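Residue numbering begins at 1 within each chain, and the chains themselves are lettered A, B, C, D and E in the order written.
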Amino acid sequence: MTRILDVDNVTLRFGGLKAVSEVNLTLEAGELVGLIGPNGAGKTSIFNLLTGVYPPSSGRITFTRDGKQINLGRKRPHAICRAGVGRTFQNIRLFKQLTALENVEIALQQNNGYSLFTAFTHLPPFARREEEIRERSMELLHRVGLADKALTRARNLPYGDQRHLEIARALATEPTLLLLDEPAAGMNPNETAELTEMIGRLRSEFGLTVLLIEHDMALVMKICERIYVLDHGVVIAEGTPDEVRNNAKVIEAYLGEDVDV
Amino acid sequence: MEQLIQQLINGLALGSIYALIALGYTMIYGIIQLINFAHGDIFMVGAFVGYAGMTTLRLNFFASLALAIITCLLLGVLIERVAYKPLRKQTRLAVLITAIGMSFLLEYTMMYFVGPDPRAYPALPDFMRATIKITDNIVITGAQILILAVSITLMIALQLIVRYTRIGKAMRAVSQDPDAARLQGINVDTTISFTFAIGSALAGAAGVLVGVYYNSINPLMGILPGLKAFVAAVLGGIGIIPGALLGGFLIGGVETLVAGYGFSSWKDAVVFAILILILILKPSGLLGKNVKEKV
Amino acid sequence: GGGSGTAASGDTIKIGVNYELSGDVATYGQANVEGIEMATEEINNAGGIKGKKIELVKYDNKSTASEATTLATKLMTQDKVIAQIGPATSGAFKATIPVADKSKVPVVTGSATADDVTVDAQGKVQQYAFRTCFSDSYQGTAMAKYAREKKNAQSAVILTDNSSDYSKGLTASFEKTFTEAGGKVVSKQSYNKGDTDFNAILTAIRGQQFDMIYLPGYYSEAGLIIKQARAQGITQPIVGADGFDSPKLAELAGKDALTNVFFSNHYSSLSTDPAVQKFITDFKAKYNKEPDAFNALGYDTLKFVANGLQGGATTGADLEKALAATKDFQGVTGTISVDANHNAVKSVTVIEMRNGVQAAAEKFDA
Amino acid sequence: MFEIHDLQVRYGAIEALKGISLEVNEGEIVTLIGANGAGKTTTLRTSSGLERAYRGKIVLNGADITRAPAQSRVKKGLVQVPEGRRVFPKMSVLENLQLGAYLHHDKAKNTKTLEQVFQRFPRLADRRRQLAGTLSGGEQQMLAMGRALMNQPKVLLLDEPSMGLAPLLVKEIFSIIRAINEAGTTVLLVEQNAHMALQIAHRAYVIETGTIVLSGKASELADSDEVKQAYLGG
Amino acid sequence: MSTGEGASLITAPPKPVRNPLPRPAVLGITAAILLVVWGLGWLLISVGVLDAYVMSTLTTICINIILAVSLNLIVGFTGQLSLGHAGFMAIGAYTCALITMPFSSAFPDIEIVGFILGLIGGGLAAGVVGVAIGVPTLRLKGDYLAIATLGLAQIIMVVLQNLEITNGAAGLSGIPSYVDWNWLFLLTAGTILLVSNLLGSAQGRDIVAVREDEIAASAVGVNTTRVKILAFTVGGIFAGIAGGLYASSFYVIQPQQFSFMLSINILVIVVLGGLGSLTGSVLGAIVLGLVSTFLQSYPEIQMILYSLILVLLMLFRPQGLLGNREFSVRALGRILPIRTKKESKA
């Protein structure tokens, strides 16, 4: 196994508050790892650090792709994305006025674009490249079950479909590392079960490494190979689902006594 | 040195006027994020009502001031109800365009009735004409002190209202999330009307004070100070009440110093260049907090 | 080209009025039009021109040059006017001249004073453009001479309206003549149209030594400048130009402040000329206010065109010839002869303001 | 206590509610469950006056409030915790809570309510000076609940209060809801987490694309195959 | 989730029907429409319907169309409020005038080359300014950006007022005019075509993504700064060209003409036509042009009526005349009963 992500002693401060505190975290290629913890523990903040939304106050984040090490702490979000880190948002952030297809196309074309001249003139290879972009985007929509809603505006999609679209859009950036922030939030158990299955499938199809934030323990315990537990910005536990489930600190801070999972 | 001090006094007086208009601008912006282009013209109406009060109606200065304030208050609320309220759910730019329309409407309706010529305001009341000589070359007039005092007092009063009163909290709640405010039992329409009432009343007062101070009013007099006041509000951090005052002083000061040291033809360019520089360094204005959006 | 015989056929003569009725300089446009309408009424009441009444076709160019061009085209091609009066400002007026050339319809202004209005860049006269006002250099030169010769001013401060070509034109010619005649310009300051606070520039000049202030601007700002200057204790004479000529000047400056102020003008209300006095009385009767320079110039401009029409011109081209040949036309703003460059040759009157009223007037020929 | 009769709501051409009826009796917890986009939020928003009813009637304590403005409904004790928290982001936690008591002028009482809220949500007490916009998702949900409680509601409308909360907190929230109910507040609860909702509710309605398709005792619905299949994950 | 999962790898995804008309048909119809409009123009000119006055009005409308389309790119599509569009126009106008005037006296035989150079120079100069001032200011958001753009336009105006070469407040006059229907048509249609091509491309989607959600856009790899600079530069170039057209149509340019009010007027057209609708901008420019023309007959109350119309239009059509929809050949395809193979399959 090769290391794909190395979060080394990273801290994020907001004024006096340490949202993330000297966190160490590693991911091996192909893993599916969960990140759980109480509300406000700093999970989303870690995603924001990984994707360049906030620069770390201290510490180092190293991402490896094709043997090349990239320091994510100093890069802007779009550069990080192009380097191969895709994400979804806890509060859905789609391009609401645009169609599902366009949402995916925008992500996809970042690595498959064409020149400004072609854009202005629509001269060849315009039509061909557009066709390619569209076809690959449709393919992705199809994978998440949205092909028949390709031309629906994102804001008119049902909530669950919007979550799926976020995943498709993240996949379209051709990531090797995918960060999912509460993908099952607001879904009923049925939908969650479907989603769980889909994440597993997509991971193998696209050869992804996945870091997943989720409060739905059924989902987490079912598919995660390893879990980090965060509380007050600090990693309080790390291990397999079984280890974490039975960890006293985790039960106290997060799970509560009788979790029915 | 003396000249510098005198120029700073001049700048402070000019700045107070910008600040007075900017306060209303900032309040209205604060609540519905509208650049209320008609604000400068309400200021103009205030000046004319005060003028009519002192000449046609033969009222004294304070009665005319009160008349102007009340008229502008009503006018502001009326404009909001008629031209802005129906567009609450629309894009901000739609409202911006009606605001521009209202601005033209006020300007040219006034011009239709009074003509485009400037009018001289009735003579200053005595207390404003008094001058205080600090040295031979440093002089402050009563009018300057009055305008400075009024703008600072109003700024403090507004700040207190917004921070600590019930209606002030309601105003802030409405500005951040009108629907959620409704769910707390806040009457959003009343709150917005109230804000327009205060903002427009301030503009009315500023109109009379400026009329008295500069002795000249005309139907298009609101455009330039309106623009400058808007700039002042942004410079200070739009929506932030002390910011309006600070921005006003800063612009007044810069304008005066640049003009006073021989570059008056470049005055506006310098003001705007400084504005842009400050915004580049502090993208949400001097007092604005650059809160990163939480994602 | 348009400007065909239809302009003067029928029982009316159509004259276009292309003025700034809204926007930045609506003040000047509207004032001009007041004079024009009054003159038209007078002529029509007196039976018109050879039995034909004058019909004004009036448009608002909103103080923009491009709109002025469009409206000039409309007046000349659609309304088929025989002449256009206006616009008030040099830029907008210039923007109508190419249209006038194409349509062969004369355009006459009462207030576009820039030197290059009636001549083109090569110094060739613009065949269809006329004016009834002074050119900037004429007036600026006159006042520089006046200041040196009559007031014996050694040094001057100039305050220019930087947004107005009128003010800049006067500044240039005044400065040139004044320094050539041995005077010294100590300081030059500027302001913009619409400004109300001039304390900064006034404070800046207060400490300096100078004999006079030259203030070539319009009364709307000049009034405030005079007031604020006097309030700051600046007592030197202030000299201006015809832009001062308005009852508003005294209102804005305040009677006390408006002392030791001189300006060049076309005429004076003190003038004993019965035509001038009649104009003033009639104007007051019609508009319930004192006329200002723009009112008078508008009035004269229409009368000037009407005078040209007396010769029986039925086309724009005929009228152009008649206007170009005008000699000793008696207007209220002076006796106008048109020179080779289509400028109005008339003498300058220098008016002295004391305690807010015109105290003395003297003719001064530069 | 609170009734909806044949309510229809439209967003432009979209018919979000096609005529639904439901009632909540005094002292009850009634839950409204259904898939995404079924119209749950719309029902609540119309109830509290944020959307206009196209047709139908809303009745509170026997009084028709269909056309009453939002603030007067709050005054009558109908309080909603909106979907997506909707806290005032640029105000502190404390100010948010104070705004909850906007219509209540009894200072002493408000102070007491505030203490109760802090007891229920100790984390809010810790963060009382923090700007609400910078709270984490879960913290914001607590704040939204707390703010509603400051209003001393008679009928509390809750729109997905458990969304995005940690398991421990979900349980806590549901027990708080139960406690609030036991203290005398009538509750209409909209939930995706049908499991938990059906556990604490007395009665339940199931809504599908703008129509009520099932209703009954919560325990009965929880056992029904239809509901199990569609909403409880088999 | 309506599609069965197992099927995903076996069946190919269906193709969406986005263009009811095939590409050649779209091109053909577009070309035909353009040709007809161009020909109709000449026809009307030859029969005298389009007389000098109507042409002059048409020129104003065309210039406004170019300005509005280019501003809409910035405001309506990129979502960046700009209150300084007149500044770009001013630079274009002055550059064009300063190139054409000496050129026409130096090479009177090939004057028209000077005009072409002037237009190109005007567009480029405005574009360069767009980049130069855009880079530092584009990190500003919302109304802060708006005020910065307003300030930049104001600075440009002051500079023009004070420079020797621009002849200060008096401005430049005697600018030779070459604008005829061919030029108007070419520049207006060209602008619309190029901008709509841009918007219909990958870059166009990036632009709209920035408007919709900057954070999400950068999270999927869109370089938001680059996109904004692109929009400002392209918008600036076309505004500069409009300026050149203006200078050459109306003989005189002065700094005051490019004041804040002009920027506002362009914004009014954009919002009135519909933010994010190019054809809306075209329609907006035409409607406002006609309204102004109609109001010319009421000089005293022209502005009062104009402002009332503005307010009423916004109150009754707050989303603008066309909202964010486009009237396009493709849309035509949706209306017309033309069936294509793709569509019948779907």
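Everything below uses one rule, namely that contacts are C-beta pairs under 8 Å (C-beta built on N, C-alpha and C of every residue); 3 or more make two chains touch, one makes a residue touch a chain.
This is a predicted model, so every value here is computed, not measured.
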On the document's contact criterion, could you list the chains that touch chain D and likewise touch chain E?
A, B
Tell me, which chains sit next to both chain B and chain E?
A, C
How short can a chain-to-chain path be from chain C to chain D, counted in steps between touching chains?
2
Computing the C-alpha centre of each chain, which chain sits at the greatest distance from chain D?
C
Hey, which pair has more contacts between C-betas, C-E or A-B?
C-E
Round to the nearest whole Å and give the separation of the Cα centres of chain B and chain C.
36
Chain B and chain D have mean C-alpha positions lying a whole-number Å distance apart equal to 42
Geometric centre distance via CA averages, chain D-chain A, whole Å
30
With chain centres taken as the means of their Cα atoms, state the distance from chain A to chain E in Å.
39
Which chain C residues sit where two or more other chains touch them?
22, 24, 162
Provide the list of chain D residues touching at least two other chains, using ranges where the numbers run on.
134
Would you mind listing the residues of chain E that make contact with two or more other chains?
161-162, 215, 300, 303
All pairs of touching chains, each written as two labels joined by a dash
A-B, A-D, A-E, B-C, B-D, B-E, C-E
The chain B residues in contact with chain C across the complex are 3, 6-7, 10-11, 13-14, 17, 108, 111, 115-120, 123, 137, 139, 141, 210, 214-216, 218, 220-221, 223-224, 255-262, 264-265, 267-268
Residue ranges of chain E touching chain B (in the complex, touch as defined):
75, 81, 136-137, 139-141, 143-144, 146-148, 150-152, 154-155, 158-159, 161-162, 215, 260, 264, 267-268, 271-272, 275, 300-301, 303-304, 306-308, 310-311, 314-315, 318-320
Chain B residues within the chain A interface of the complex
292, 295
Per the contact definition, I'd like the list of chain E residues that touch chain A in the complex.
1-3, 5, 8, 13-18, 23, 194, 197-198, 200-206, 208-209, 212-213, 215-224, 230, 324
With touch defined as at the start, can you tell me which chain C residues reach chain B in the complex?
22, 24, 26-27, 30-31, 162, 187, 189-192, 194-197, 199-201, 203-204, 206-207, 220, 223-224, 227, 231-233, 246, 248, 251-252, 254
